[in-house]
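As structure tokens, here come the structures.
The same chain A turns up in both complexes below, where it pairs with chain B and then with chain C.
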Partner chain A sequence: MDIAKLRTSLLSATKAAIRSSVKEDNLIIQCVNSMQETEKCINMMSKRLREWYGLSLPEVEHSVEDHETLINTVLTKSREELLKQYHITEPMGPELSNKDVTTINELAATIQQLFALKQKQEEYLNVSMKSYYPELEKTAGSIVGAKLLAKAGSIKHLMEMPSSTIQILGAEKALFRHLTRSSRPPKHGIILQHQKVAGAKEKGKAARQLANAIAKAVKIDYFKKEKA
Partner chain B sequence: MKQTSIAGSWVIERGRQQALAVKGEPAFEEESAIISGVKYRVWDPRRSKLAAAIVKGAPISIPTGSKILYLGASHGYTVSFLSDCLGGDGLILAVDIAPRVMRDLVFLCDQRKNIVPLLADANQPQLYPELPMFDVLFQDVAQRNQAEILLKNTTFLKKGGITILAIKARSIDITKNPVQIFKETKELIAKQMDVLQMISLEPLEKDHAVIVARKR
Partner chain C sequence: MDIAKLRTSLLSATKAAIRSSVKEDNLIIQCVNSMQETEKCINMMSKRLREWYGLSLPEVEHSVEDHETLINTVLTKSREELLKQYHITEPMGPELSNKDVTTINELAATIQQLFALKQKQEEYLNVSMKSYYPELEKTAGSIVGAKLLAKAGSIKHLMEMPSSTIQILGAEKALFRHLTRSSRPPKHGIILQHQKVAGAKEKGKAARQLANAIAKAVKIDYFKKEKA
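On to the complex of A and B.
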């Protein structure tokens, strides 16, 4: 057998196969993973900003709980305005020089941009999930749906999963703890982030019901696409 | 420096541990070792189950110019070293099912002319394109039916060719004792092949073993 010929033909076949393996689910998975990383960055950087900004105006840092609101406050209002607004007569922090304030504001502005990025990524996920996997989007919502997709690895893998697996996707550590040592099994994984489960009184029951619905929805989405 | 049973590779001491050394161009930003003025690539037995098996003394003989069917090639770490060992007349047919790792493998194939990539499911060898017969079958896949996959693929192995199976006990059944799984897998393989040796890869790889067998 001619090895050189085999090599050329298989190399180009492999390249073609890799090219055609990129589908909408890959794009959604990358986006949702990126979104979660953006979220992590925001939290990390916001905590630092709080510490830093708290040196000069601890009262404001303390009373504004939401990161995004604090950042907007930092960026738009001066020290004098804030002292007046929060009725602070004896501030715990000293007044900082212009140079110091500018550096802090630069960090705040960067985090603000990250918030905008996360917003855009969420919108993208919303639109993509609605157009490619409408049933999944309807039952699980776009973010939870995309996260499940990311955990499963592809729409095909998620479609092949029984609802009991979908129910505990994201709780692998607890599941394997249950299988190897006899701890109690997990009731829910990523699914817990869905309002229906998080707000339910019996979370295990709600998780099972939602997982059932999702398992059906994914199959509908997958096979509708196959047929088309 | 001791020559191993794989052509073009030597055992070297790296601190308290042993590793393998191979001549060739670096491909994975791996360490290099200079021994009596010659530069070698260091083949880390903690990253490669084949290297681990050789360090542990498995009876694996791969001469220059061999043809290897490699199932579960992944990014191609082990494949890149084998490629240097086999030389220009050798052939490694690197099979993997995941497009993502195949991407990295294709870049490796561009540099090394004796590697051929194949994006396929090792569980379904009947779907492979037409292939030559191989001298060696190496398998390292994280699937439940690892032994079955190996046996299916022996149709592409010459009579008397050897198979090297890296068993990952954790992907067969995480609730069972690994030693039990190794024993069962060995029995399964022994039905159709002559098992030469089974070696545990502890402490280089946890819950892994290698079975070397010969096709009847």
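On to the complex of A and C.
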């Protein structure tokens, strides 16, 4: 009898522990991973749209470089309008049947929805990072900050990392190539996506400085939470 | 002057040749490839949804195996309803804020749209295959037929293939493993997805028979077109 009681109480304690182990960083990590997957899907499907649509209007497909612009063009303009707009007298692709045009448009519309999803996820990350990890958001930006968080696995792990590790988070392949085959060590990983590093002349130096700032910021965010 | 005339006439002849080189098989191939990519996206994003949603309701995520059913559950039922339905008194996941629930639902809704896109693409393939390659559609089915077409590159290439090649289309990896490292040769490629092969006891035999029938059917379709 007592053992049964002990069992239930232990079970409920475990369940409570699991329940309380889900923190805001878990949710942010799921969202940023999902965003990166959405991006992958957008790229894959946009490439397909280009190839498919290019069968009928290769000239237009070729001259519109941005995926989103092309999708809008596909969805809003008819073949005749485009032929006029691009001054094409002899198009290199045939006119497609209504059925084909509809199917291509359905693909384009779905990619548009994926773009919308990505934007919503970015907004969510923005809001979440600002409210939970304000210092990290300020120094690294919400997207780069969230990606670092996802790579580290949790805010605690990220907090424990030295800035030199943060600097090359996401460049694991290059790091291990360096360690095993004595190629040059990587200078930056995910933080290369930050404007301060991408726009800098000396990228290695900028990456080191930014990583230092991020390491500090994460510690501030983490211990403020702990204290509260 | 004459050279300029020649040039324009050659240019327009080339453009016309390119224009008329786009045939129905090209469109079918684009669509079936797109369908397979849509499937990939669905799988990737569904897995993410499971992981994300599972933070809050791991019990429900675990007991609903089908992706589409889970998406419907996520979108239509509230946490309270689900707790009641699955008789969960002590949930292992925390209750999420409205903001989090909305973000997860947006992902689920997008996956639902991907499912809808996939279905429309399947319908398109059904109609197209039936009207352009009726024999192939009859023997292999529209999806398997279209996949074979995509692997071969065109109806002409598929027509020229011996049935033994058709049998292992899509099993190239296994074939080359066989040729270089003397493992056993593959018995079936894409056609394993056909019910007649997947459901057969002797899969190799069924695959051979189906490949024979497909090889014949493709030739009929191709030469009927040629004659017309």
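Quick notes
By definition in this document, the second predicted complex is superposed on the first by the 218 of 228 C-alpha atoms of A that agree within 3 Å, B and C clash if a C-alpha of one lies under 4 Å from a C-alpha of the other, contacts with A are read in each partner's own complex, and residues count from 1 in each chain.
Basically, a contact is a pair of C-beta atoms (placed from the backbone, for glycine too) under 8 Å apart; a residue touches a chain by one contact, two chains touch by 3 or more.
None of the values given here were measured: they were computed from a predicted structure.
In the superposition on chain A, A:Ile18 makes contact with both chain B and chain C. In the superposed model, A:Thr38 makes contact with chain C only, not with chain B. Once chain A of one complex is fitted onto chain A of the other, the partner contacts of A:Phe223 are absent, as it touches neither chain B nor chain C. Using the contact criterion defined above for the overlaid structures, shared-chain residue A:Gln113 touches chain C, although it does not reach chain B. Greater residue coverage of chain A by touch, when chain B is weighed against chain C, goes to C.
Looking at the shared chain after the overlay, A:Leu10 reaches chain B, while chain C stays out of its contact range. Legend: residue contacts after superposition of the two complexes on their common chain; A:Thr103 is shown touching chain C, with no touch to chain B. When both complexes are overlaid on chain A, the residue A:Leu179 reaches chain B alone and has no touch with chain C. Looking at the shared chain after the overlay, A:Leu55 reaches chain C, while chain B stays out of its contact range.
Shared contact residues on chain A (touching chain B in one structure, chain C in the other): 15, 18, 22. Listing the residues of chain A that touch chain B in their complex gives 1, 3, 6-7, 9-11, 13-15, 17-18, 21-22, 176, 179-180. Chain C meets chain A in the complex at residues 12, 15-16, 18-20, 22, 26-27, 30-31, 33-34, 37-38, 40-41, 44-45, 48, 51-52, 55-56, 90-94, 96, 99-100, 103, 106-107, 110, 113-114, 117, 120-121, 124, 127-128.
Residues of chain B touching chain A in their complex: 91, 99, 102-103, 106, 109, 113, 116-119, 129-132, 174-175.
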